[in-house]
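Next come two complexes built around chain A: one with chain B, the other with chain C.
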Partner chain A sequence: MSTSQTINKTWLISQEALENWLDSLAKARSLIAPRDVDGVLLYRPVENSNQIKWGFTRPVLSAKEVFFPSTERLLKIEKTNQHVTLLETLPEGQTVIFGLRPCDARGLQALDALFIKHTPTDPYYARRRENTAIIGLACKEMGPTCFCTSVGGAPDDSDGMDVMLYETEDSYLVRAMTEKGLALIPQTEWPLTEEVPAPAKMDAPLYSLPQQNSWPAHFNANYWEHVSERCLSCRVCAYVCPTCRCFVIRDESLTAPGQFERIRCWDSCNGANYRRIAGGHRPRSEKGERLRNRFYCKFYYYAEQYDLGEETSACTGCGRCVDSCPVNIDITEVLTELGRLA
Partner chain B sequence: MSDNPMKPYLGRLAEVKDLGTEIKLFRVEMLNGGNEAFCNCKPGQFAFVSAFGLGEAPFGIANTPEHGPYIDFAINRLGSVTTGLHELGEGDIVGVRGPLGNWFPMDDFKGKNLVILGGGIGGAPLRPVIQHVLDHRGDYGKLTILWAARHPSLLVFTDEYEDWRKSPDTGLHLTVDASDPTWDRNVGLITDLLKKVNPSPENAVSITCGPPIMIHYVTRLLGEMGFAPQNNYVTLEARMHCGLGKCGRCNLGEKLICVDGPVFNMEEVGHLLETFL
Partner chain C sequence: MYEPKIVAFLCTWCSYTGADTAGIARLKSPANLRAIRVPCSGRVSSELVMRAFNQGADGVLVLGCHIGECHYDTGNHRAAKRIPTLKALMTFAGLEPERLHLDWVSASEGERFSRITTEFVNAVRSLGPISWRVAPERVLTLGRGLASAEPVPYLESDCAGKTDAIRAKAKELLASGEVSCVIGYEVGSRGRTHPAFIYHDNDVERLVWNPDCTHNLTTYLPDKVSVSGALMAAHRKSSPKPVAVVVKPCDARAVNVMLAENRFPREKVHVIGVTCEGVRTEDGNLQTRCMTCEERTPVVYDTLIGEAPATFVHHPSSIVAENITTLEAASPAERMEYWLSQFDRCIRCYACRQACPMCECPTCLFERDDSLWVGLGIGVNQKRTFHLGRAYHLAGRCVGCDQCEQACPMDIPISLLNQRLAQEIEKSFGHRAGMQAISSPVVTVLAGEYKEG
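Let's look at the complex of A and B:
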């Protein structure tokens, strides 16, 4: 994933050649790409390139769900009287994901820090990462709620991609970034080019984030109670976020008697009962405390707890939470207002 | 831990017995390699226990490996997993995932006086500390145990009190919030008992486990009595789901109870404890 792995080779291909390539990739492995699912754009399996939605800004959900599904089976449990068998259900099969936006690749790097680098490694996530090649697609311009440039990202950032595509006027520049990516490319069929991608338009507003060392001082600010007054604790911000990763583990019955599955499901620290413990004690029972925790996790705790390298926050600036919040709690506004408190 | 940190070891219930109202001791005989994983576990560590089909929940390990080869858990029936566990009997299979978390620095405590404060089922993770001290009695100074519960029927490990009392230079002080006619000892909060026993902070460390509100008031009182924050140890809990520093449920500020704890001293978490209440 580091730039030292970069392979300095670029090809110029047509839309037709791209679609042919994706069709051939889809034959040998599962292909995941932006797809219109009942009017909602999601990264989902496609059978061929005809099912891909072209000309999108970004899918409604991040690529988090490809590697860390909203619900996944960890174990199958078979129970008879005094005998239990546990079957591990690690994901199998090779996957290629096409059309990943730079903000989502960055989200994966934050999840890598937690699920892979922070030991013990989570075998389910790690296996999916290992078995998946990533073909990124640079954004030509930033969407109306995008703010990746405010958190250290860029619409054409190739970090974390195995192959990076840049749209030109009528074709694509394809750049191999890793050996894993190079292995996917039909090198003999495609013409190499010296052309370099045009820089992406970065005309979105730049928000100033609070200084990293100012977060502890904001902890007891009345601001949190104020900003959370309208919060519905609906948790959508966590579900659309590429880096929110809270989860629950529980067992569910399967149809056959004595058969169960242990599953892991997304959760959110904004949920009212998130911290409830046996006996009914419920820390962070106030909305303000919970909303504060989400912001602190994203911008302060995460980098303290996990190795984010040079990054100080787990926010990718994708703007999905801004789009989805039903009561318009805007992360950029919160950050701006906190900056003013300092 | 096994190769897959989400996959529990299997264990057979060797003994299940009542410890108090709705509280049972589960003595688990580890199967399929679990013994090796747990034979070096330390006082203060915890593990997830599975009631297969219902789920798993974290519990403090309630004995030292020297008191094995079984692993003890004291479990209060409160939710679905603990209810499922309470329905099991001897010979039934449970899952055990661990050992997890840090532990009490028993070596650093050598030569010191220990004040142990347990509230209700919070006494469970303190039992291995008591066992360790009694097994290595010469290594430690005076041992003062303050043991509390809401009601006499909720006091745990009552059949071991005699052994604790008989150990040299050891004091056991009991109190309950509400008494019944059989009760002839203290009635009142553990903080009242602590004031009464009034242990010296000189060359002493305290170890507290109990409900959050008890931890809050007990550690505050210990501070007032002259115990320095770095000498006041607590073991904390949250309804964690992974125990591996990933699920996000047990953070205390930037600390994660499951991997940075569950054992902390008040110098580390005193300023964060408010968010735990």
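Let's look at the complex of A and C:
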């Protein structure tokens, strides 16, 4: 990013200074950080730095839920005698996320392409993006199912962060990437440094994506039916994915009489009824058709529909779907197999 | 002064008339009751009760005809089985048991109606306002995790021999044309074991048996037996052939439940039963469910692979039973807090339901477009309704294969609910799901034979 060039300042701070900083940030705004929730690692609000899980790998859910929550009230509807009032419910308050991994930051850029760059802009998502500062944390190495390097990312990629942290032996290098990030940093308290972060280990296997123009040819491949035979049609892959962004909107009544709300919730093209239309017809009634859609959306349609910049896919290589799929449908295996078909 | 809101489901023939009798006799009944007239106490489904609580009822009273006096012969038998089972489940999830009550009032028992309703309202009043319905914006405290099991290392067994035997049998069945497909296990990417579907006898080498054969493959059976997909159609020619499936002892119990529920005819399935020493977790330890498993040989099979292990490894101090005891010893408020903190993690991805061989509804009750039983939201109220509702639907049907918990990305202890209900069903009805092809005692049996298509 161009702003990072102009700021170009790096500080060296200890673990203690980092914790003090996060504690002070948590006082003025809500702080979201990786947290151990009964043995499950999640991005969750924390009151202070003691509640943060340090030395974490990758939360089970992506940070998507901070900006695009699983359930969101779009508006409240109140009915009184002759009048129906619609009340706007835009998200309020400043937030800061600590410990965002580069794959999740890339995921946000894919979501931006849809929710912000593609008009009309989604006011709920846009407001959350605007009100949230992102403190990224570079991965020192790649996890066993990570493949960000195969889809154009890197474990120490600072793209999309407001502040980027790099772990060193016993301290952290802090880089301000944007003005928003710079504003969070107590510049007078921290010593500047010329030190340059050591590059992350990138020893994970590289998978080659099928050529962008080869996707249409695979549409009718028998492969989809074979690979989807064991698919359970659950929604894990979509819900853990940093870039799956389908939702469903419904008006529901609240318990108070005359009050209703319009809510938006996550949805997934893997669900059997996702494509059901009037008359009960389901154009994607077979599991293979649904699973195929997930891959086409991620690697073909998304870049066709939205402005992803240089990227050709909306996959960030976080590997969450690989870890969560109950029946081992492995995105890297599917891509490899498709490459073989071509 | 606090006055509780009570939803009372009154059977039209006896209890509703009984309420009238009380009125005609000018007996006093509390004004807290919102009476809902139902044709029979058997009409009061678990969803109705749960919905009443979800919408803010402080107590739910179900009144029907005395046993033996039901105008539909056995409608109240259903209530007599259903309500106590539901009460056990909801109590386990943190409801004070006094808030749900089932009783019998006949048309002439005005005095009894007055007494039961007064006692119930007094009991609920003394409990104070209910805290069942959770404010959506409430910040959940972190749950106190329950104890986890002492790891028991998985002991190596004769997997190579069983693999050979499974392949040989699959080859024989496919070559002879006896079955169209063999559902088994294969090792896929990253060395992980997953379900495999074999259609040709020259593909049988893909099949394996190993300590990671955790999936319950019977989940795929109803679809494979009855349907449709182009793959199946291509391989089955004109008359649909049976399907073979590799089962562990726990999975075999699922076959029995499916047979009892007419999900497919017995002759359409060739069960390749494999004796089992348990399956392991990713850490190489025995899975929790396998520690207390008592069936080492499948209860139903056409072909048996392997011999029952000579050394029966049984760990009587099941962590699940211990955790159930721990939770039951806690106060209702503590239990509620525990479960809410667990359900809070749920993302409604439905992996539990999709992996479950017993979840069979074409449209899940909790996924209806009209939000009848539960809203669309992924909030803690909705998630609790889904999980408790699903657990109740599995009462007497759950075989404890733990696929739900295995599939859950958020490590929600779903099987704890299922096991608690299994205990209740065994205690009350002496029924263990799937030991024979007998339906659950709390499931409404719809008579009728399996029909193709």
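What we mean here is this: the second predicted complex is superposed on the first by the 333 of 342 C-alpha atoms of A that agree within 3 Å, B and C clash if a C-alpha of one lies under 4 Å from a C-alpha of the other, contacts with A are read in each partner's own complex, and residues count from 1 in each chain.
Criterion: a contact is a pair of C-beta atoms (placed from the backbone, for glycine too) under 8 Å apart; a residue touches a chain by one contact, two chains touch by 3 or more.
Note that this is a predicted model, so its numbers are computed, not measured.
Asker: So, on chain A, is it clash or fit between chain B and chain C?
Answerer: fit
Asker: Using the superposed model, measure off the angle between the directions from the CA centre of chain A to chain B and to chain C, in steps of 10°.
Answerer: Nearest-10 rounding gives 80 degrees.
Asker: Check whether A:Lys27 is in contact with chain B, with chain C, with both or with neither, and answer first, second, both or neither.
Answerer: After superposition on chain A, A:Lys27 lies in contact with neither partner.
Asker: Contacts for A:Val248 in the overlay, against chain B (first) and chain C (second): which applies, first, second, both or neither?
Answerer: both
Asker: Looking at A:Ser233, would you say it contacts chain B, chain C, both, or neither? Reply first, second, both or neither.
Answerer: Second partner only, chain C.
Asker: By the touch definition at the top of the document, which applies to A:Val60: first (chain B), second (chain C), both, or neither?
Answerer: A:Val60 contacts chain C only, not chain B.
Asker: What is the contact status of A:Asn293 with respect to chain B (first) and chain C (second): first, second, both, or neither?
Answerer: Touch status of A:Asn293: first partner only.
Asker: Nearest CA pair across chain B and chain C in the overlay: distance in Å?
Answerer: Closest C-alpha pair between chain B and chain C: 5 Å.
Asker: I'd like to check the shared interface: which positions of chain A are touched by both chain B and chain C across the two complexes?
Answerer: 248, 250
Asker: If you look only at chain B, which of its residues touch chain A in the complex?
Answerer: For this pair, the touching residues of chain B are 1, 3-8, 10, 12, 50, 52-57, 76, 78-79, 82, 91-93, 95, 211-212, 237-239, 241-242, 244-249, 251, 253-254, 256, 275-277.
Asker: Where on chain A is chain C touching in the complex?
Answerer: 37-40, 42, 45, 60-61, 70-71, 145, 225-226, 229-230, 232-236, 238-240, 248, 250, 252, 255, 263, 265-266, 268, 271, 273, 286, 322, 324, 326-328, 330, 332-333
Asker: Using the touch rule from the top, collect the residues of chain C that touch chain A in their complex.
Answerer: Listed in rising order, the residues are 55-56, 133, 139, 142-143, 145, 188-190, 192-197, 215, 219-220, 229-231, 341-342, 345, 347-351, 353-355, 363, 367, 371, 375-379, 403, 406-407, 409-411.
Asker: In the complex of these two chains, what residues of chain A are touching chain B?
Answerer: 74-75, 77, 79, 82-84, 86, 88, 90, 114-115, 118, 120, 122-124, 245-251, 253, 260, 262, 264, 267, 269, 274-279, 281, 283-284, 289, 293, 296-297, 300-301, 304-305
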